[in-house]
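Two complexes, one shared chain (subunit A), two partners (subunit B, subunit C).
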Partner chain A sequence: MNWVLLLEQTLNGFQFGILLFLLAAGLTLIFGIMDLINLAHGSLYMMGAYFAATFTQWTDSFLLGALLALPACMLFGVILERIALRTLYTRSHLDQVLATFGLILFFNEFVRLIWGPIGLDIPLPGLLSGSVELFFGIRYPAFRLVIIAVGILVAFLLYLLVSKTRIGMLIRAGASNRQMVSALGININLLYTIVFGLGAVLAGLAGLMAAPIMTVEIGMGEEILIVTFVVIVIGGVGSIKGAFVAALIVGFIDTVGRSFLPDILGLFFSNDVADTAAPAISSMLIYILMALILAIKPQGLFPPKGA
Partner chain B sequence: MKLGILGTLSLAAMLISQVALAETVKIGFVTTLTGGAGAIGNDMRDAVELALDHLGRKMGGSDVKMFYEDDTFKPAVGKQKTEKLVKKDKVHFVTGYIWSHVLLASRNSVVGKGPFMITSNAGPGPVAGKLCHEDFFSTSWQNDQTTMAMGEVLNQLGIKNLYIMAPNYAAGKSMVKGVSRTFKGKIIGKDMTKFPAQLDFSAELAKIRAAKPDAVFVFYPGKHGMQFFKQYSQAGLKGEIPLYSAFTVDSLSLPRLKDLAYGSLMTQFWAPDLDNAVNKRFVADYRKKTGRYPTFYAAQSYDTIMLINSAVTAVGGDLSNKDGMRNAMRKANFPSIRGPFKYGNNHFPIQNFYLRKVVKDADGNFTTSIVKTVYTNHQDPYAKDCKMSW
Partner chain C sequence: MNFSPRTSIIALLITGLGAVPIIAAGIDEPFYTVLFSRMLILSIGAVSLNLILGFGGMVSFGHAVYLGIGSYVVGIGTFHAIEDGVQWMGNGFIHMGIAVGVSALAGLVIGAISLRTRGVYFIMITLAFSQMFYFIAVGNENYGGDDGLSLYMRSDFAGLLDLSNDNTLYYLNFVVLLASLYISHRLTNSRFGMVIRGTKSNEQRMKSIGFPVFRYRLVAFIIAGAICGLAGVLSANQTDFVSPAVMHWTRSGDLIIMTVLGGLGTLFGPVIGAVAFLFLEELLSGFTEYWQLIFGPMLVLVVIFARGGIDGMLVGLDRWWNRLNIINKEGDL
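Up next is the complex of A and B:
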């Protein structure tokens, strides 16, 4: 076993998990508190990346671009919630799925009209574009370390927000029992807007941090959205803690599976079989995990209290 | 008077036969027009339109009508659009097809159903071998060929240990097979990634670093290629382990990759600076029209239209004469961007393959330029499995 490789893959899994967490935290809050299935969450991720790319072009600085993109995402999310989603709260989940799926198509075309069919790129400042030497001679891309750091910081801030502030109390109460919160005279509409805006910022942050590694493309949020749903199902819908733990588990299993499964299968089967089966099985791993969790704990690992 | 009526009648008959002859040539073009890969389809469409402009928008005196269809990068949608072209629009030629899996899914909806099928990019092994068909032509290449040329190049460079990465779908497998056919060193690592879902290659890049190969070879078409090059550089592997590619760096990704791909080597049947009159005119007019260098996808699409024109012209616009059109196309008697070439028995081009390199042109634009010829008149390895002869 190559320990350096294993350590590096653990970091990779952690970094992917952090990115998933940022998306899952917003999605799980929106679903848990507002009871809204928002398929267009991936579009918010895409918008975050496009905003950051545009602002980076204007300001010539990735940091400034990213800082400007966050309030833009918040504003975008709030407007989206007010105009399009507010009417969906009382409708059935199927209606919500249809409407938000329509929003995905709308936003993809919207982006094509404004930014064109060819994607954009976010150039990284020189310091972040290379790799740095860590302990044990591990070389790791500098920007991926930044993603990990930002993700942990955001997770910590979210923890403070949710468990130490009044707004956080309302969010937790909303996740546990929505009717009771509104019966107590809390302005539930305002709470919904805040939660959706928060979710939009988190999704946008994930998008703008993924953008320099990958590229800013139409439909970039769709693939990752599926994995994000897996995360919130495993973690327990409405639970930020669950989203965090599940995102790290999924990130780790996906990365390590991709990395070591071909070798492990190669021990038992012929090379040809291992070559064909390994990519298929490694991409199934997280879904197998989800099925197992659903069978053992249908509420997910950390269901919100009272749910 | 009698003569007058006769004259009028014969004039009318002539007019009617003229109308019958001047049936509009209907061409279906299935490509990807939306999503991240939509830029490729866009490029192909621009090339088709340029080809039609060069032909005065007529073929053998007949009008031409194009039907562009979007496969959205999905085999099921591609097949559905193909069936629509054949059954509803009743086109005479079904063309386009970027993706091997889309082509394989759509093939049976066209061949044997009337229209000719011409692939403008995808070249999976089966359609060149056992599934070859008298109504199926290619204006591109068979998938294995380009990477076979790469294998030769790697041998010449003295590479002993190679690491290969490609997406896990029909074309990815062919490309890997191609390089394995000719590469004489050892393939010490191979990763086939989920396609098109996987865009983050961190786990694979870590494995490459641990494996310490002499060189890395990748096949990542479209946006995947761009992301791979970016991440390769971010991981600090650029400059440490040489990276060779096929169909990964193109005129769409180069303006965005810029220095990340500068000096990068790849094999290909064509390059914008390939020295022949047809290609020079094509590249110059394409740049005038779009402001971009054409991709190989565009070049092949241009050839598709020119091949169809040679067929329609040969039969004087009589689209019911399929044998005549087939015989004309088999001669490959049209001005091709790759220069004169011949078709093999399986209707795939027998053509040259070149090593090309990313350079800057006089204006500082990034483009690719031919370094040397790797294969002269190369035929794909599947041709011998094709039972067709003519």
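Up next is the complex of A and C:
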């Protein structure tokens, strides 16, 4: 077994898990509080990446581009919520799935119209494009470390926001009993908009951080959206803690599975079988995990209380 | 017999579908036979989805899996029939039999696990299963992997039917659609169908009455899968091509759109929906390259404003018609 590769892939898995968490946190809050299945959450991620690409071109600085992209995402999310999604809160899940599916089609086409069908690349600033020596001469790309650091920081801030502030108290109250919160005189519509804006910023942040290491392209949102849904379902829909744990598990299993499954299968089967079966099985791992977990715990690992 | 506007329009649609190859030949536009053939095949898929989604309230977001299974049965079968000269693997009856069998088996496995969950969990777990099947197809390099398989022959019905003729294939699709509509009609009006519809409106009550809800749902899930597998066989023959894209999750989304657009839980709704969906796609994509820019918001508007889909509008038309008749009669008095 190659220990350096294992360490590297573990870090990669951690970094992917962090991105998933940024998306899942918003998605699970939106579902937990507004009872809305938002398939268009992946579009927010995509918009984050495209905004960052454009602003980086304008300002010649990734950092400035990223800082401009965040409020743009928030604005985009709030407008989306006000115009399209607000009417869907009281609808059935089927209606929500359909309408937000329609929004995906719209945004993908919209991006193709504005930015063209060819993917964009965001160049990293010189400082972040190199790699850092961790220990024993093992080097790791600096930007991926930044993603991990930013993700952990955001997770910590989110924890503070949700558990220590008044807004967070309202969010938690909204998640467990919406009617009661609005009966107590809280402006529930404003709360919904705030939560959606927060989710949009987190999704946009994930998108703009993923942009330099993956290509910015149409459809980038859907691929990660489905994995994000796996995350929130495994974690228990509506639970931020569940989203965090599940995101790290899924990120780790997906990344490490892809690079080590051929070796692991090779222990049991002939190399031929291992080489042909491994790519398919490694793409399926997280879905198998999800099916297993739901078969045992139909409500996910951390089902929200009072639901 | 009640000749309300709705009945007349639906009857016109079905007879119209039956006459498509004749009309297309008449105006020398064979392209229409192919387009409407696709409508028929997706109608079959939507009719089968409607059994569980419309009548049973089970929001399965992975119904395209069975389209994929049916397609790959034909793809793999004809591949071996041509490459290795295994005659029976090109046989259409065997394709249909195996597709129905494998789809039913897949439905059994997927349903047995998914139906333990509710609500959003059910939607997501059916989606997860469709992703698994999708990745199996992508990873299977022997049968084309990501690029798919081209079919160099269509299913062989032992001289009985010659599918290389598009019109023959069209009428095969048409007959299978009529058969699936008949099954859907008989099933939903049977005792079994009543139980399924009962679980949609109140699962707890059905349980209390003493029905084993899970088993009823599972059987419905399997039947829906099997019928859709048949649609997959036809779809592979229609396109002469099989690739993982047939069971991409957006295809499952398309099937849901068709069912809801036409009218959930109505016999002919899915057919209307599939025809309307492909018609719109054809119309809008002829109009602009960015047709989804219009189609997406349209979908949102349909969901928000047109409850009951197109069939719901026809019901509204019927009501208006009846009122008109009553007013006229009162005028006579």
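Here, the second predicted complex is superposed on the first by the 307 of 307 C-alpha atoms of A that agree within 3 Å, B and C clash if a C-alpha of one lies under 4 Å from a C-alpha of the other, contacts with A are read in each partner's own complex, and residues count from 1 in each chain.
Throughout what follows, contacts are C-beta pairs under 8 Å (C-beta built on N, C-alpha and C of every residue); 3 or more make two chains touch, one makes a residue touch a chain.
Not measured: the values here are computed from a predicted model.
Q: Let's test your reading of the overlay: on subunit A, do subunit B and subunit C clash or fit side by side?
A: clash
Q: Tell me the contact category for A:P279 with respect to subunit B and subunit C: first, second, both or neither.
A: So A:P279 meets both subunit B and subunit C here.
Q: Going by the contact rule set out at the top, does A:S182 touch subunit B (first), subunit C (second), both, or neither?
A: Neither partner.
Q: Once chain A of both complexes is superposed, is A:N108 in touch with subunit B (first), subunit C (second), both, or neither?
A: After superposing on A, A:N108 lies in contact with both subunit B and subunit C.
Q: Quick check on the superposed pair: does A:F143 touch subunit B, subunit C, both, or neither? Answer first, second, both or neither.
A: In the superposed model, A:F143 contacts subunit B only, not subunit C.
Q: Contact-wise, after the overlay, does A:T59 reach subunit B, subunit C, both or neither (first, second, both, neither)?
A: neither
Q: Quick one: which of 19-27, 37-45 or 145-153 on subunit C sits on top of subunit B after the fit?
A: Among 19-27, 37-45 or 145-153, the clash with subunit B belongs to 145-153.
Q: Please write out, lowest number first, the residues of subunit A touched by both subunit B and subunit C across the two complexes.
A: On subunit A, the overlap between the subunit B and subunit C contacts is residues 108, 112, 279-280, 283.
Q: How about subunit A: which of its residues touch subunit B in the complex?
A: Those in contact with subunit B are residues 2, 4-5, 8-9, 12-13, 15-16, 108, 112, 117-119, 121, 124, 129-131, 139, 141-144, 212-215, 217-220, 223, 255-256, 258-259, 262, 275, 278-280, 282-283.
Q: In the complex, go through subunit C and note every residue touching subunit A.
A: My answer: residues 53, 59, 61, 113, 116-121, 123-125, 127-129, 131-132, 135-136, 138-142, 249-250, 253, 256-257, 260, 264, 290-293, 295-300, 303-304.
Q: Under the stated contact criterion, what part of subunit A meets subunit C in this complex?
A: So the residues of subunit A touching subunit C come out as 31, 37, 84, 87-88, 91, 93-95, 97-99, 101-110, 112-113, 222, 226, 229-230, 233, 237, 276-277, 279-281, 283-284, 287-288, 290-291, 294-295, 298-300.
Q: For the complex, give me every residue of subunit B touching subunit A.
A: Going by the criterion above, the answer is residues 34-36, 38-39, 42, 168, 190-194, 196-200, 202-204, 206-207, 209-210, 223, 226-227, 230-231, 233-236, 252, 256.
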